[in-house]
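Two complexes, one shared chain (chain A), two partners (chain B, chain C).
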Partner chain A sequence: MIARVPWGLLVFVAALFVPAVGSRYHTFVAGDVVIWALFATSLNLLVGYTGLVSFGHAAYFGVGAYVFGFFCVRLTRIYFAMLTLAFAQIVWAICFKWNEVTGGEQGMPEIPYPDFGFVERWGARVPLLGGWRTSEYYYFVTLVLVAASLFALHRIVGSPFGRILTSIRENAERAEFIGVNVRRYELAAFVLAGAFAGLAGGLFGIFNRGVFPDFAYWTKSSEVLIMTLLGGMGSFYGPSIGALVLILLNQQIVSYTEYWPLVLGTVLVVLLFGFPGGIAGAVGALAGRLFRRLRSA
Partner chain B sequence: MPDPSFVFAQSLSGLTAAMFLFLIASGLSLIFGVLRVLNFAHGTFYMLGAYLAYQLMLWLGPGPGMFWLAALGAAVTVALLGGLVERVLFRRLYGKEELYQLLFTYALALILSDVAKLLWGTQQKSVSRPPGLTGSFAFFGATIPAYNLFIVLLGPAIALAFWFVLQRTRAGRFIRAAALDRETLGALGVNVDALYTWVFMLASFLGGLGGALISPMRATVPGMDTEVIVEAFVVVVIGGLGSFWGTLLGAVIYGQVLSFGILFFPRFSIFAVFALMAAVLIVRPWGLLGRPLR
Partner chain C sequence: MLEVRDLAKIFDGFLAVAGVSFDVPGGSIGAIIGPNGAGKTTLFNLITGHLRPDRGRVVLNGRDVTGIAPHDLCRLGLGRSFQRTNIFPRLTVFENVQTAFLSHRGRGWNLLTRVERLYRDETLGLLQSIGLADRAHEVAGFLSHGGQKQLELGLALALEPKILLLDEPTAGMSAAETRDSIRLIERLARERGLTLLFTEHDMEVVFSIAERITVLHQGRVIAAGAPDEVRRDPGVRRVYLGERH
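Presenting the complex of A and B:
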């Protein structure tokens, strides 16, 4: 019953109303959440579905992934994590030092919003389309793009292709044995995840009005890994929930204290020891228990 | 062709950096070799070693031998902390997925580095060089600080001691056996749980010692942990995770590439190191002297 409700659609529609109902600040936070949700979900395609732990996902937050992927999927397990970290560091070093292209340490400030003038002129006559700020138009564009991407990712995960990825995570040897070209599938997953991460990165660059080498540093990759874990790696919407909770938590905590890493670390420890399935896993288990109790009563 | 004395000074400075990295990376490599986990918190142990050395120096006051006492005290304190963490928390994750262990050490790094910030603030701390090693020597026209020379000599000494413990003592034999097959070792009546705690403590000791010894050379600041963990990580990957001599070789290569890289392409010397690491990972994922994982 619960599974029949189109939750994704409901959330999408609710998110559309954020600029109308909330303040500018709410729209900002919502935009942040939406972009990071896509980023975390794209990572989950690798970690949760294919069983490849990437510590360098932030590097593809701005760059394509094919060449990296080609080398990375030749390795397994811990070596994969290491090589992704190495490549991420190279990308970061390039961003940090290549002043002519990336602006070096300063990054690229003042990236303009796309021109929404035509929408304003054309939409002024349509009741709901006119009269928004540029940042709010950008929020709508982001929302639609992310929703479309999440829908696509959802289809990918549910497709035979997605099932093969899961089988690789469960037992790569056996998958190989039944005729799956494991490396090719892993590469495909890597490239797909990288492409969606790249889209999220592009959206974030404009949203944040600037790009800085920090985005590609490995600690960023681990932050998104924590979002994925917090929400629940096993479930499709888990990473989006994780992104929402972590960003809201960050907004709350940062106004009280500068020791955000301390909070983040503590959250992580509690998760690892108490709720390895993340929020989605915990809620699922709780719902299951309630359901059983209702039935037996 | 650059001046030979300059080349000599440059390679010696690379060697000094390499010896520090060897101290830290050998701990990282030891934990990986035995426990099969990459310890992100190792860099934080190194930072705590530096801060604790500073704190102990404050308490002990100036005096001959006080620096060595402080360095040893700092390393022992870090080792105890490492042992405690292993006993109370880390132990529970052994049977779980690799990712959980990796993320736990990362969480530990986040927490401990913020605790260090709470305790010592964000201002940089410095420790003066121990008496007797404040001067410098002239070699082939280059001036070498005595402390750097001491470190260059200390590195191989610790490497030898470490090698002796691993290869020639009973405890070392157990550690090597645990790296190969934990269950069989346990079946033979060795207390593997206690052994793991000792390994964690020994590795933390090496990290803490590295931090304490570097405190007279570089300022102790927040953020030195993430910096060093990436460096140590590159070293063990080049040399081979879990390989003792590989770690030494990796550290020496790292130091030389970095110090000469700065001469030839100043802006991209970090890049050269990471490119080297990536090349090693592609050709020999288990490192120059490492053995492939089963």
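Presenting the complex of A and C:
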């Protein structure tokens, strides 16, 4: 019953209204959450579904961001095509990850937003399409792309391919003996998860108005892993919930203490010991119990 | 159907399997017996590609399959069940068997279709024939030990094997479960025209269904033949039956 509500769609529509209802700051935080939700969900394809724990997922995120930075500083007008191209260019971009290209430690500051002038010109007469700030247009683009990616990931997880990944997580030896080429499927899961993480990284590069080496640093990988665990890797939407909660928590706590890592550690320990299924697992169990009680009453 | 020639495996200088040869003709039911540590499971692992032999050959239907990967071997019509129960514990019984169908029929790379209804009839039909139809939607890990063994048989059968290797199919079962499961295996083998090769420690089971028995002791074949011959063999009585009685 609870599962029949199209939660994904509801959240998507609600998120569309953030720039209209909230402030610039709210839009900024929402954009951050949306990008990290995709990043964390892409990681969960590996950790939650295939049973492969990755501590290096930020590599894809970082590479995606650099691919973007690389193109963005040169070819300012064709972002839309480039967004899709980023998928295919990840491997290629690794080869280009040297100083002259990536800017080394300095990164690539001042990546411009895509040019939304054409939307302004063509869409001025359509209600709701004109009159937003560039950052808000970018938020809409991000939202649509992330929603489309999450939809694709959701389909993948519920497909025969997703089932094979789950069987590998459950018992790789047995999977091998029902004819599954385990290595090849694991590789495919890595490539897919990496592609979506790369897209998230590309989006983040523009969102952040610059790309820096620490995007690909291991702490980013651990951040996204924490989001996935916090939200619950047993559920498809868990990592997105984790991204939302962690970013909001960070924003709140950083404003009055510098000991954010301490708070984060405490929250994490409590969650992992008290609720091993993460937030999604805990909410699901609670909802199930309430539902049973309502039915028996 | 299956020919094993001079197969050998050494672990850290210990000769676990020391040059074993035997044949399993098509349509027959063969058994490999031997005391614990005789090398039965190692021999199986060598045949099914889990371990790479140090010497010898495995020929399946005239084709040399020595040391090829398990997932390739499945496609050539060799199914296997394991001594330690080996299923997908957190999937349902239905999903377990359905996954085997998906994999075997090459649907695993489909990323777009919804998985739920694929091979529904085939899966339910197979569950019916292994006696698990009414438990289709239970989580596999919660089945009884006997139930999990049945399910494992189902996973192997979904691959439509021509020859089925069963490693101690009745291990850990009660006497009643053992009887039922032997009857089930025998019936399925007959219905599907399967060739069977199994290892077993329960003598009653072996002598009731096997047509040919190979006796393994310390990694070597010490006797082979029809049940009666093997039962009378003095060497077998000494090293194997003697140990038990």
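As a working rule, the second predicted complex is superposed on the first by the 261 of 297 C-alpha atoms of A that agree within 3 Å, B and C clash if a C-alpha of one lies under 4 Å from a C-alpha of the other, contacts with A are read in each partner's own complex, and residues count from 1 in each chain.
We adopt the following convention: contacts are C-beta pairs under 8 Å (C-beta built on N, C-alpha and C of every residue); 3 or more make two chains touch, one makes a residue touch a chain.
Just so you know, these numbers come straight off a predicted model, no measurement behind them.
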item	value
In the superposition, chain B vs chain C on chain A residues touched	B
Which superposed partner A:279 touches (first chain B, second chain C, both, neither)	neither
Which superposed partner A:159 touches (first chain B, second chain C, both, neither)	second
Which superposed partner A:200 touches (first chain B, second chain C, both, neither)	neither
Partner chain(s) touched by A:225 [first = chain B, second = chain C, both, neither]	first
Interface residues, chain A side, partner chain B - complex	47, 53, 71, 74-75, 77-79, 81-83, 85-87, 89-90, 93-94, 96-97, 218-219, 222, 225-226, 229, 259, 261-262, 264-266, 268-269, 272-273, 276
Of chain C, residues touching chain A in the complex	48, 50, 69-71, 74-75, 80, 82, 86-91, 95, 98-100, 102-104, 107-116, 118, 155, 158-159
Touch list for chain B against partner chain A, complex	36, 38, 89, 92-93, 96, 98-100, 102-104, 106-111, 113-115, 117-118, 226, 230, 233-234, 237, 241, 267-268, 270-271, 274-275, 277-278, 281-282, 285-286, 293
Residue ranges of chain A touching chain C (in the complex, touch as defined)	155-156, 158-164, 166-167, 170-171, 173-182, 185, 188
